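Structure incoming, see below.
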Amino acid sequence: MDLSTILGIVSAFVLMIVAISQGGGVLLFINIPSFIIVIGGTFGATLVHYPFKDVFGTLAIAKKTVIHQEELPQTRIEQLVRFAGKARKEGILSLQVVMNEVSDAFFLKGLQMAVDGQEPGALKEMLEREIEYIQERHEKGADILVAMGTYAPALGMIGTLIGLVQMLQTMNDPSTIGPAMAVALLTTFYGAVIANIVCMPMAGKLKNRSQSEVLDKTLVAEGLKSIIAGENPRIIEQKLHAFVAPKQRQSNFSKKKG
Amino acid sequence: MDLSTILGIVSAFVLMIVAISQGGGVLLFINIPSFIIVIGGTFGATLVHYPFKDVFGTLAIAKKTVIHQEELPQTRIEQLVRFAGKARKEGILSLQVVMNEVSDAFFLKGLQMAVDGQEPGALKEMLEREIEYIQERHEKGADILVAMGTYAPALGMIGTLIGLVQMLQTMNDPSTIGPAMAVALLTTFYGAVIANIVCMPMAGKLKNRSQSEVLDKTLVAEGLKSIIAGENPRIIEQKLHAFVAPKQRQSNFSKKKG
Amino acid sequence: MDLSTILGIVSAFVLMIVAISQGGGVLLFINIPSFIIVIGGTFGATLVHYPFKDVFGTLAIAKKTVIHQEELPQTRIEQLVRFAGKARKEGILSLQVVMNEVSDAFFLKGLQMAVDGQEPGALKEMLEREIEYIQERHEKGADILVAMGTYAPALGMIGTLIGLVQMLQTMNDPSTIGPAMAVALLTTFYGAVIANIVCMPMAGKLKNRSQSEVLDKTLVAEGLKSIIAGENPRIIEQKLHAFVAPKQRQSNFSKKKG
Amino acid sequence: MDLSTILGIVSAFVLMIVAISQGGGVLLFINIPSFIIVIGGTFGATLVHYPFKDVFGTLAIAKKTVIHQEELPQTRIEQLVRFAGKARKEGILSLQVVMNEVSDAFFLKGLQMAVDGQEPGALKEMLEREIEYIQERHEKGADILVAMGTYAPALGMIGTLIGLVQMLQTMNDPSTIGPAMAVALLTTFYGAVIANIVCMPMAGKLKNRSQSEVLDKTLVAEGLKSIIAGENPRIIEQKLHAFVAPKQRQSNFSKKKG
Amino acid sequence: MDLSTILGIVSAFVLMIVAISQGGGVLLFINIPSFIIVIGGTFGATLVHYPFKDVFGTLAIAKKTVIHQEELPQTRIEQLVRFAGKARKEGILSLQVVMNEVSDAFFLKGLQMAVDGQEPGALKEMLEREIEYIQERHEKGADILVAMGTYAPALGMIGTLIGLVQMLQTMNDPSTIGPAMAVALLTTFYGAVIANIVCMPMAGKLKNRSQSEVLDKTLVAEGLKSIIAGENPRIIEQKLHAFVAPKQRQSNFSKKKG
C-alpha cells in the first residue's frame, strides 16, 4: 500500500481548489465540453497509438501505483541465504520443502528448475531472459501513461485554438472577449493538470516499481544460481549484498570474522 | 483487424467537430489555402527528408495500423512445441510435412534451413540477423510518420506567421483584425491535429506492431534452434514461455510434474 | 539522381509563395536586413561550432542529397554471388580479372586484400572498421545541417526580439506598430522556413544516404569474407539475402530445390 | 565542504533581489498563495512519482551538494601503490594492518576480501557490481531533483493559467487587469527560479559527485585486483594513472628511469 | 589556430550591431542591470551545478576553441609507419632515438612502454583506457558550456518575468508600457545571444576537438600495438588508413603493387 501516490494527487488538487476558490468561484473552472474534448481526444489519440487491450490494461496496472506489496531486498536475501544453507546441508532436493513459504511465481519457477536439476548457467540464462521480458511488459504501462501525458497538453492546446478561432471570428461585443478567452484557456489548463499531476508522475512511479521488482528477481536469479553451484552461504550473502545499499545489509551470520 | 486505430481517430474527430459546431459553424474551421499550405508543406519537407519510394511506401504501411493478422504468442509456442515433438519422434526431415500449415515466410525459410540440415548456431545467427533487418525496415515507416508529425506543427506555425505578417501590414480596419487572426491560427490548428491525432499515434502503433512481430520471429528462431539441437519439447516450451506473460503460458503438457 | 529532394523543396516554396501572393504582395515578405541577420547569424554560429573546412565541405556534401548513384542491394548481391562462383571454380586469384567491373573504392580495396591472401577474419575486421569511420564522417555533414537547423530559429527569435525592442521603445505613432511588428516577425519566419524546409529535411536525407551506403558496404564485407572462406555461393546468397527485404531477394539460382 | 553550491545560489538570489528592488518593491514579488501552489503542487507531483522515503531521502542527499569530503584521486593512488609495495614485500596478509588507516567502507570490504584470499577476478567482479549499484542509488537523488525541476515550471504555468482565467472572467474594471496579470505571472516566475537556480543545478552537482565517487571506487577495485595478482607497484601506479589527468599523476617513484 | 571560432562570433555580433543601429540607437540595447542578472544568474546556476575548479577550468579550456595545434592524421600515420620500419629493421629499442621528435605526452608514454618491453595487448588496453578518460575529461568543458547555454535563456526569461510583473503592477501611465516592456525583453535577448552564439557553438567546437584528439590517440595506440607485434609497415599503414578518409591516405610506399 503506497500512500504517497494518493497523498500527492490529493494534496496537489486540494491546493489548486483552494487557490481557485480564493480567487473566485470554482465553477468558473468547470466546463464540461472543454473537459470532454481534452479527455476524449487524449483517449482517442492513445487508442490510435496502442491497441485496446493495452490501453485498458493500463487502468489495471495504474492500481499498482497505490496497492502493491513489495518484498524488501534484505528479507529476500535473508531467505535466499537460509535456503542456501539448507541446500548445502540437506541437498538441493530439500528445497522442495521450502516451496510452500514462497509465493512469488518467478521464485517458485526457479526453485522448481533447481529441484529438477538444471545447470546453474542454464537456470540463470532462462531467469535473466524472463526478467528482461517482465521489464519490457511492465514498462509498457508506464509508456502508455507517458503517451497520455504527451497527448493531453496537445489536445489542451487544440481546444484552446478552437476557442480562440471562434472568439476572434465573432468578436462584435468586446465584453464577451474576456470570458470567451477564459473558457478557451480551460482546455490548456486541463491538459497541463492531467499531464503533470496525474499521467507523468504515475508513469514515473510505475517505472520505479518495475525497477524494484527487477532488483528482487535479479537477487533470486543470482542467489539460485549460486545455490545450485553449491557455493558457501556466507559468500552468497556477500555477493547479494553488493546489490543493495549498505544499510540494507543485515548479515545472517555473526560479524566476528578473521 | 485493429479497430482501436479507426475508433481512436474517429472519436477524436467527432469530439472536435461537436465542440466546434456547438460554438458556431464548422465552416469557420475550413480554409482550403490554410489546409494546402500545411499538408503540402509537410509533404514537401518529408520528400526532402526521405526518397519517393519510402514516402509512398508509408501509405501502404500505414494500412498496417488497421488491417493486420497477428499470430498470438501462445499459438506460436503451441505450434513450435508440437513440431519439436514430431521432429524428436520422426526426425528433422518429418518437418517437411508440416510446412503446409505454416504461412509465415520467415518461419518457412527457417523450416527449410532446418530440413536442409543447417547447424543450430548458424541457423539462429542467420534468423537473428534477418530479425534485425526486418525491424530496421519496419521502423522506417514509423520514422517517416514521426518526421511528418514534426514538420506539420512547424508548417502550421509558418502558415500562422504568414497570416500574422499580412494582417499586421494591412490593419487599417480594426474590424478585420479578429477574423484575419482567426484564419492565421487555423494553420497552427491543422498542424497540431495532424501531428497529435494522426501522425504521432500512428507511428506509435507501427512501432508496437514491429515489436510484436519481432517477438513472434524471436520465438520461431529460438524454437527452431532448439528443435534442430534435438531438445526435449517440454524444455523448449519452458524456454519459450520465458518470452511471454505468465497468463499466456498454456502448457501443451499436463501440469502434474514432480 | 534523387528528384524528391528538389521536388520537395520546390513544391513547399511554391505553396508558400502562392499562399503569400493570395493574401497580398510577396514583397511584404522580403526584407534584406532580416534575411542577412538570420542567414549570417546562423552561418556565424555554425562557424563557431565547426571548423571552416567542415562547414564548406557540407555544401559539397549537400549536393549528395540530389545527385547520387546508388548500387541497388540486389545488384550488389548478384555481383558478389557471381564472384563467389568464379572464386570457387577458378581460385581466389581469378578475382583479379573482375576488378575492372568494380568502380567502388571500398569494394576494390577488399578485392585487392582478398587477392593478396588476407585471412577472412582480418579482412572483415578491417573492412568493418572502415565502415564505422565512413559512417562517422558521413554523418558529420548531417550533424552540421542539424546544427544550422537549430541555430536558424534561434537567430530568427533574436531578430524578432531586436525588432520588438525597437518598436516598443519608439511607439509614438500607433499606426506604425503593425508594420514594425510584421517586419520583426519576418526573421522568425525565415528561421522557421530555413530550419524546417531546408536544413532538417536535408540532414535527414544525408542520414538515409549514409545508411544505404553502409548497407552496401556491409554486404561487400560480409560477401568477401565468405568468398575467401570458400563458402558455397548458394549459402552466401542466402546469408546476404538476410540483409534485404524479401522483395529484393532475386536468386541467381533456379528456385527448384528440395 | 563545497562552497560553490552555496555561493552560486546566494549570488543568483542576491542579484535577483537587487534587480527587483531597483525596479520597485520586493513585496510585489511575494505572494504566499502563489508560492504555496507552486511548491505544494511540485511536492505533490513528486510524491506521486516517487515513494515517501525516496523523496525525503533526497533532502538528506541534497546536503551532499554542500558538505562532502572527497578523496583526491592522487591520494588514493598513492595509498594503493603503498599498499601494493607492502603486500609484495610482506604478503597479502600484511594488509590487515593497514585497514586502520582506511575509513571508506567500500575500500575496507575490498581489503577484507583480499585478506580472505579471494581470487583477483572474483574480487573485481564483486566490486564492480557494487560500483554499478552505488551509482544507481546515488543517481536516484539527482533524478528526483530533475523531476522536481520538471514539475515546478509546469505547476508555475498551471498557476498562471488559473490567474488568467480568473482575470479574464471578471475584467469589468480595466485598472485591475495589470495587477491581476502580474500576480498570475508570479507562479511562472517561482517555477522558473525553483527549476533553474535550485533543482536542476543541484541535480547536476549530485551527478558530478557520483562520478567522482565512482572514479575513486574504480581506482580501489582496479588497484586491489592488481595487488592480489601480485603485480609490480610501479606497473600498478602506471595503470592507475591512466584514469586521471596528467597533472594529477604524482609518481611515488623517482622519475629517473631508462 | 582556429580562426573560424573568432570569425564566427565576430561576424554574428557585427551583423546584429549593424541591424540594431539601422533601426535606432545601439544604446537602446544596452542595459547594465539586465546584463548583470543574465550573466550573474547564469554563472550562479553554473556554480551550483559544477565545482569552482571545473567552472574556472572551462575558461582555460575555452581558449582551445581558438588556439590549438592539431596533428593531421596523415602526418601521424606517416610518422607511425616510419617508426614501424625502424623498429622492424633495428629492433624495438631503436625507438628510444625517435622519442626526441615526439612532443605529444600520450605518444611518448606509449613509446616508453614499448621500449620497456610491454606486451602488445597490455599496451593497447592501457592506452585505450587512457583515451577513454581523456575523452571524459575533455567533454566536461563542453558539458559546462552546454549547462551555461541552458541556464542563460532561463535566466533571460526570469529577468523578463521580473520586468513584466513590475510593469503590470505600475501601469498608470500607458506611455511607459512600451519602453518598460522593451527593457523587460532585453534579458530574453541577452540570454538567447549568449546561448546560441557563444555557449552552444563553443561547446560544439570543444566536442569536435575532443573527437579529433581521440582519433589521433587511437591511431597512436593502434600503431604502437602493431609495431610491438612486429607487423609489416605496409600492413600497418593499410590498417591505419581505415581510420581516415580516402583523400587523407597518402601512402609511404610506391603504389605499384601486384
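Order of writing sets the labels: A, B, C, D and E. Residues in every chain begin at 1.
We adopt the following convention: a contact is a pair of C-beta atoms (placed from the backbone, for glycine too) under 8 Å apart; a residue touches a chain by one contact, two chains touch by 3 or more.
Since the model is a prediction, treat every value here as computed from it, not as a measurement.
Path length between chain C and chain E in the touching-chain graph (shortest route): 1. Taken together, chain A and chain D share no touching chain. If you lay the C-alpha trace of chain B over that of chain E, the rotation comes to 145 degrees, to the nearest 5. Rounded to whole angstrom, the centroid-to-centroid distance between chain A and chain B, based on C-alpha atoms, equals 25 Å. Centre-to-centre separation between chain C and chain D, using Cα means, comes to 40 Å.
Not a single residue position of chain B touches two or more of the other chains.
The sequence of chains round the contact ring, opened at chain A and continued through chain B, runs A, B, C, E, D. The touching residues of chain D, counted against chain A in their complex, run 33, 36-37, 40-41, 43-52, 54-55, 105, 113, 116, 126-127, 129-130, 133, 137, 147, 151, 154-155, 157-159, 161-171.
Contacts from chain E toward chain C in the complex involve residues 2-5, 7-12, 15-16, 19-20, 22-24, 28-29, 65, 178-179, 181-182, 185-186, 188-189, 192-193, 195-198, 200-202, 204-205, 208, 238-239, 242-246, 258.
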